[in-house]
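Each of the two complexes below includes chain A, the first together with chain B, the second together with chain C.
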Partner chain A sequence: MFSRNCADRHTCFGLLALRFNYSPYLACRTAPRTCTSYSTPLGNFALIFGDDDDGPCYLPSYAPEKAEDDRDLLSSEGVNGGGADATSEEGTSEVQEFHRNEDEYPPSQSPSDVNGFKCISYNMKELDLDDDRRSAENMEGSCEQAKDSDIEVEPAAGNGHVEGYKSYASSECGGASKSGQGQDTDLLKRDLIPGKQHQNEDDSSAAWRRHKKHFFILSHAGKPIYSRYGDEHKLAGFSATLQAIMSFVENGGDSIKYVRAGDHQVVFLVKGPVYLVSISSTDEPLRALRRQLDLLHGQLLLILTKSLEKCFVKNANFDLRPLLGGTENVFSSLIHSFSWNPASFLCSYTCLPLSHTARQAAGAALQDVADNDLLFALLLSDSKVISLVGAQKASLHPDDIFLLSNFVSSSESFRTTESFSPVCLPKYNSTVFVYAYVRYLDTDTCLILITKNSEAFFHLKDCRARVESFLMETHVLRDISNSVARGGLRVEDLPAGDSIYGSVPRSKRVGTVGDGKASNSTAAGTKERPGVGGAAGLWHFIYRSVYLDQYVASEFSSPTQTPEAQKRLFRAYERLYASMHGAPGGSHQMQYRRDENHVLLAWSTADFEFFAAFDPLAEKSSAITVCNRVCQWIRDVENDFFFVGASPFNW
Partner chain B sequence: MFKVLPAALMVFLKTKGFEMSEWDASLQLCVFDTSRGQCDGHELDKILFFYPTDCPLAAQLSLIGLGEGLITFTKIFSPDAPCDVIDSERRLHVLFQPEQGLWMIMVLDKRKENSEIGRTHALQAVLREAHGLFTLFYGSLKALLSNNPSGDIARSCLHAFLPDYLADLLTGKKLLMMSSHFALQERGSVQMTALDRGTALEVQSLIDLLQSWFGSGRICHTLLLFQDLLVSSTLSPEDAAYLFTYARMRLTPAAISATSSGHSLKKSPLREDSGDQGLEVFTPRPLQRDKWWRDHDGFLITDAWGVEAQGMSAIIPTVWLHQSSEECMQLVAYQHKQLTVIMLISVVHLAADIDGSHVLRNQVVDKASNRLSVLEERISRDWGGINANHVPGYRYLWVDHDSRVSKASPGSKITTLTKDSLLSLDKVRAEIDAAKARSDRKDPAQFRELETCVRTRSNAWVVVRIRGSHELYIVLERASETLLLTAEATEKFSRRHCDGIFDSD
Partner chain C sequence: MATVGTNNMQAKLVLLGDMGAGKSSLVLRFVKGQFQEFQESTIGAAFFSQTVAVNETTVKFEIWDTAGQERYHSLAPMYYRGAAAAIIVFDITNNDSFVRAKKWVQELQRQGNENLVMALAGNKSDLASKRKVETEEAQTYAEENGLFYLETSAKSAQNVNELFYEIARRLPKAQPIQPPSGMLLSDRPADRTAKSSCCS
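== the complex of A and B ==
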């Protein structure tokens, strides 16, 4: 039953899909060649593309006589329990189809194991060479095209927005020269080292105990499923201890939630037969840590669906680790995002800044392909949403976007190949797999088409081609790459003068108000105030639209350009948000907090939430004036920073 | 070393005696010694005290098992500061290690405490105060255990003390501090009465007079109270705070028995010592209610420490101070109207054959009673009444942690705050506690400076300002206030009532 060309983890995942009555379109990711293997009760089949892209070819890559041995192995592991018949039937029907196809297409070589992802990969490198070339050419000559093209998308600055945004958008052509600035400021984000770190450590090692933040997933029987640091095998004893503690309290009719020991916090979360625990000394609020565990569980569901619980019902000692083989990057990337991505605590997503016209064009491209087969279509730039459409009455939760974009962006394979992968959207429906067609249109821009139909690959491939072609024709891809190169909002770029200072006396506009480091610059020259961020010592802000479930965060400005300062600010925001929403009896409407590091202002209204960080010497009056102006300014240019859904396909 | 720990811990937790069992009590309090009962089957020996006393042994063992298990577990990551809070769906456990190896756990049932339980630091302060008062009257638990390794004396002392202490905290079966104005109080601090310069000099002169006498023994320390406010103390801030707390609980004019008539010295029931000698040892109950009354000469008498064999006179209470190498001192209290003088007499200076208290009484009555009477009148005249500290429009608490002094709005005014405001205040204080702990961990010597203004759902403002050891908490329930007006109001308060300590400039 298992392909010998694949590691056990791949075939086990395929097996799980069968076991849960899902399509056997679950096999290992294969690269660099264009093949995909299918695990079925009767053997493995590889799906391979020829260079002429005339459809998949199915062929047995595994001798059927070996299947018997593997089935025994499966039974001995207790995976293939009583429900085997039903899954076998489904598997058989697939096999019949494959055999039919087998006659039509020539055999090819077996897949090679790369990283064990359970998705079908179609290597389109050769097929899309022309497209790629076109794309590259387009990127290089984007500035020229901006001037010359007949199908010009109206520049954002000319879109009737306030003066402040003009300065932001006018740098469009200069984007290349400022390339990477946006990313460069976010040092925390760049810290991620892919894959599991400190693999050889265990609980006996002092270095392991000193890590500031541990995450553990274990089964209710105490079997380790995932540990951020160290080898799960070696941590079996530690995992059993965690289980013992939780079970001990459960036996008393209670459930342990939280333990504090000095600067360490241990947070427990029970999700059916899956236990999640974090042990941290990061000074994060309990509410944020709980949410992180919740997201970790969501990521587990995204990979395996809630049906994993059935495995534990059948066999309490079921070992889930083989099914998660190759997903270390997904979890490590998610955990890393807990220390840089505001979406991890805001329960919202952020959009790539884009002119309203360009975003509308992107939305139109997605809507153009929306049909009964398509559940959701997302256009992402890294973790930022460009546009999305959904089937009527279907809404995509911000957490699902967060987890899905993490899943896609944490795997290099998605970047290089055209993929069709089963995923679960936990907030949409945690019990079933849907299928995600993933294709990067350029370095950062990723199109994700989600369907319930496991056979929809070729249809979605066509859809992708149409979307890509439309985006190219309308130069939206060029706008996107310009926006990426330009980076996000910078507080230094906020419009100066009366539009931002409002009623602040002119004497106080010079330099920054209350800031000893103020220069003699004029109010108009915000960029001439080195070391103080933006107006009135504004260092950073996050604006969250409550009704859109979206936020916009500025780039980190010069006073917060060290990783330590950024992490400190990120944690401070987490605490602000937790305080705002964790208040018994209702939200705190406004908060002002000053310590030796910064002045923080938080404002909660029915429409939006606003968080801002200022220089610690900033005056209250100036800070409030700036906050008011920034909020007003963001509302004025809302269409460029938020995806404001208006079509019937939008949620 | 740690390689074996988890497995050992798991076995420990799963020991038959440590099955978690359900016990339905609003509040539980236990004191246990991790160094005792190491052998299988001897786990009960760990328990020094458990409240409620009728709690089944299985439930007692299960709580201690959980506590000890998590203390061991958290030491893996935080060896210097093991577990201090365990929160579960139904219960909140607050742990405190008052002495090495000795732990106190307070368990609150969340379902029965209607109000939100926010500040775990406040609950730890309760445990700290309980231990501080216990040590004041009995000495350290370690000393008791080393003098009597069986632990019987320590157990009888804890059983004589803690139930009375808890009785003061509980209203019915609920913890009093969760439901009223405790949000603007700082446990373990003293509240002072304001004195003008002349009165302060008079107080100092009187104390010097008292402490200059060498009669039956030397008066080492004096604590002077007016009503339930501290006038003067010669003790260290820590000892003064504990003695002041005790005086407020049992010695103030409002706390002592209403009338002296009806009180007579009775031989108190004696407790059997566990020894085979049949020696009868009386364990004092310092917090027993209605055990203090005023004698005809103005001195306060209690039989909480027992009565002499002849039944003629009460045994004079003794206390142990932290500041004087844990020297045992006799506590003698004199009261004139609203003024209470607590005198601590060094026992080592007492002549064995002299009734020291009798000599002292005569001296105080003869030489100091008139001056005390005059002083009482003077302070009464200057005192602004129970609402002396009230500032209209403000509900506040000002704490100086260095001197352990606090000043707050009167309780009757604090109770006028809405529940929303109190809950938000509690929440903000919990955040401030965490921020202080965070800053202390990073650099304990750093001068702390924090400012927080939070507008609650009901438009009230909660303001916190911290400067070094000084902390100011204010609640303003004026809905129309903006942040700037609130900051202005705080500045005004700081200038007028806090000597400008919390000014922004």
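== the complex of A and C ==
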């Protein structure tokens, strides 16, 4: 292979590869196409730069044995350093069993064998040194392309069979909220060890490199701002390396977005003077990783506002870390939520299940205190919304709900007493602080009142007192804690089938066609089938209302009650969601996938999106029938699971 | 500001000082009688109220426990504006926190409120073996700047109630009602009354 004018690039990527010991293959794309092989003590790298879209580039590099060794080291699960992350990323590579239609993919994108060992081919389209002339929307588009080729490179992330209809243009990924999937069944959520873990590691320690998912925030001058693992101070050199790569590409008028290095994906996001990078071997879709970086940036803004950028205007070498003192938990809990909270990829929020009357009463209590000083009133149970009111016709973006609720719930100090703190709601207005009055009404229930008026504390304190006494008098607080204790929808409780929805599910014990006494037979059925989940082997589902920007997820049924199973499912949904939204030729309306762990079904209409996981032996036709029933069921109980009083968000 | 009723008054009290100096710990010791080894860093400012009785007057403190984190410095005026009293806290085992405390004193002095009662609290006196700031040094500084100085320990409770009672005693008995600073003072009854009297 041949090099042209890219000594610096080699150095950059070589360095990156070296520091991580990854990288049998590295590729990126920028304006002039150049390929080179690059020799290091660890082996040879081939680096390719180019802009043609006409075919693959082959990147044989390391000697294959060497590559294997390194990958072993990096992906071996058992050796995971210190436990904090041991369960946080799965390393399983799913075997995509079925329906892959080879014809769908141009031959150039197939994995191929070159020089006797496996080589990954890239279609240049997928590669991600993007022209920064492109608008943000287009960037999204290019991610989607990359996602697609991801699938190609890694069968595990394969695209499912396209069941039928085509092309439902994905709406822009709008926002998110936090949500648990049931207090009692969500094991992943509880996993979080607050604060920064592995503080003593740095990029020279093997344990540090073994973490499956790193996040970095750094300044455009290369100063570390945040690192998920290890002490930022000690990672200054590593940070500088990332910065060197990113600014090198930037200087060429491009921006680097994505590098794949063996099992690792390196995703870059530039936000003015702030660079965000994730390095992961979790096999998540690029689109999801980018969104995670975006949320990370949003969290940074929530704490400091966009005016943090001014610090860098005055002094490019500004050290932002002191300004983030005491926020480790906020970031670690956010990153943790990327592996348990569906809101992190669904861009929606979820509600605490509550009877319609109770929710209306809560809404009325908030509405009652809405006045000129109050911008938003938000009643949360943990990360779930009970009710919210936007005064002055303002609406609260799901992302802002997500980031705000993460900020509040991860900061112990809010639980002590009432507080009044400046926060920035990045989607509402990323340049200014608003002020949040925060008060926990009981262990889970938290009232957040947002104002623009820095002097409004005592007023908001009064508002809170009014809301609180109203919620007490109307017993809504009691209803809320009952709901928390009860948990959410359970697949076992799905009413039995209705003849309208077709055939009986595989498990005949779950009701019969047209059986009106649904719940009885279902309950009986569940008892007889311990550990099987719901009808037709239904294990879990997520239903997202497009119109309301809210979703509801079922509790985890017994087959998914290990952290591993939940993590696997979470990642599967994440991929499913990305493939529903990210396909280059438009999105798929329905997908059915089977692998060794589950059958996954995704269904997207103009009104809702539905994702379900079944027992791997579930029959397709019964699965589809059950999905129909679940969707019907959810529409029947919509008032209890969605905040329908909300005017649709308009952004 | 301090407002006077028949026999009771309400006083806004603000705690300022470096992060980790022990502001929250002091307030929690005073208000709830608790101490936590792992007290989380405060976000923005936390609000407490506590009523104490001195010489037949009850003083209801409205306490702002501010965050010492650097990013909140510029927002401090929001919390100390209109305060009747301020406790500037430093950690006797940390010289930087003393330097920081002096800066807070200067900043408050620049506000030009002569009636402001200021206390300097050298906290963590239980950690005497790790002391970095000598008592005399802090004492001298306090005298020169019109503060009173106490060494406290939120952990052992030493001098904590004394600190707040001394402030209550020093509050001007009557103060002209200042024009409202924009904050609406709530007139809610005191949440609870401190059990202990001054020298508990």
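We take it that the second predicted complex is superposed on the first by the 432 of 651 C-alpha atoms of A that agree within 3 Å, B and C clash if a C-alpha of one lies under 4 Å from a C-alpha of the other, contacts with A are read in each partner's own complex, and residues count from 1 in each chain.
The definition used in the following text is that contacts are C-beta pairs under 8 Å (C-beta built on N, C-alpha and C of every residue); 3 or more make two chains touch, one makes a residue touch a chain.
The shown structure was predicted, so the numbers you read here are calculated from the model rather than taken from an experiment.
Student: Contacts for A:461 in the overlay, against chain B (first) and chain C (second): which applies, first, second, both or neither?
Tutor: second
Student: Looking at A:325, would you say it contacts chain B, chain C, both, or neither? Reply first, second, both or neither.
Tutor: second
Student: Going by the contact rule stated at the top, is it chain B or chain C that touches a larger number of residues on chain A?
Tutor: Per-residue touch count on chain A favours B.
Student: State whether A:546 touches chain B only (first), chain C only (second), both chains, or neither.
Tutor: It touches nothing on chain B or chain C.
Student: Scan A:617 for contacts with chain B and chain C and give back first, second, both or neither.
Tutor: neither
Student: May I ask you to decide whether A:432 touches chain B, chain C, both, or neither, giving the answer as first, second, both or neither?
Tutor: neither
Student: I'd like to know which partner A:421 touches here: chain B for first, chain C for second, both or neither.
Tutor: Second partner only, chain C.
Student: Once chain A of both complexes is superposed, is A:249 in touch with chain B (first), chain C (second), both, or neither?
Tutor: In the superposed model, A:249 contacts chain B only, not chain C.
Student: With touch defined as at the start, can you tell me which chain A residues reach chain B in the complex?
Tutor: Those residues of chain A that touch chain B are 202-204, 209, 237-238, 240-241, 244-245, 248-264, 266, 279, 281, 283, 575, 579, 582-596, 620-621, 624.
Student: Write out the stretch or stretches of chain C touching chain A in their complex.
Tutor: My answer: residues 19, 24, 28, 40-48, 67, 69-72, 75, 78, 181-186, 188.
Student: What residues on chain A touch chain C, complex-wise?
Tutor: Chain A reaches chain C through residues 303-304, 322-326, 411-414, 416-423, 433, 435-436, 454-455, 457-459, 461-462, 465.
Student: Across the complex, what residues on chain B touch chain A?
Tutor: Touching chain A: residues 1-3, 5-7, 9-10, 13-14, 18-22, 62, 65-66, 69-70, 73-78, 80-91, 116, 118, 120, 419-420, 423-424, 426-428, 431, 434-435, 437-438, 441, 449-459, 483-484, 487 of chain B.
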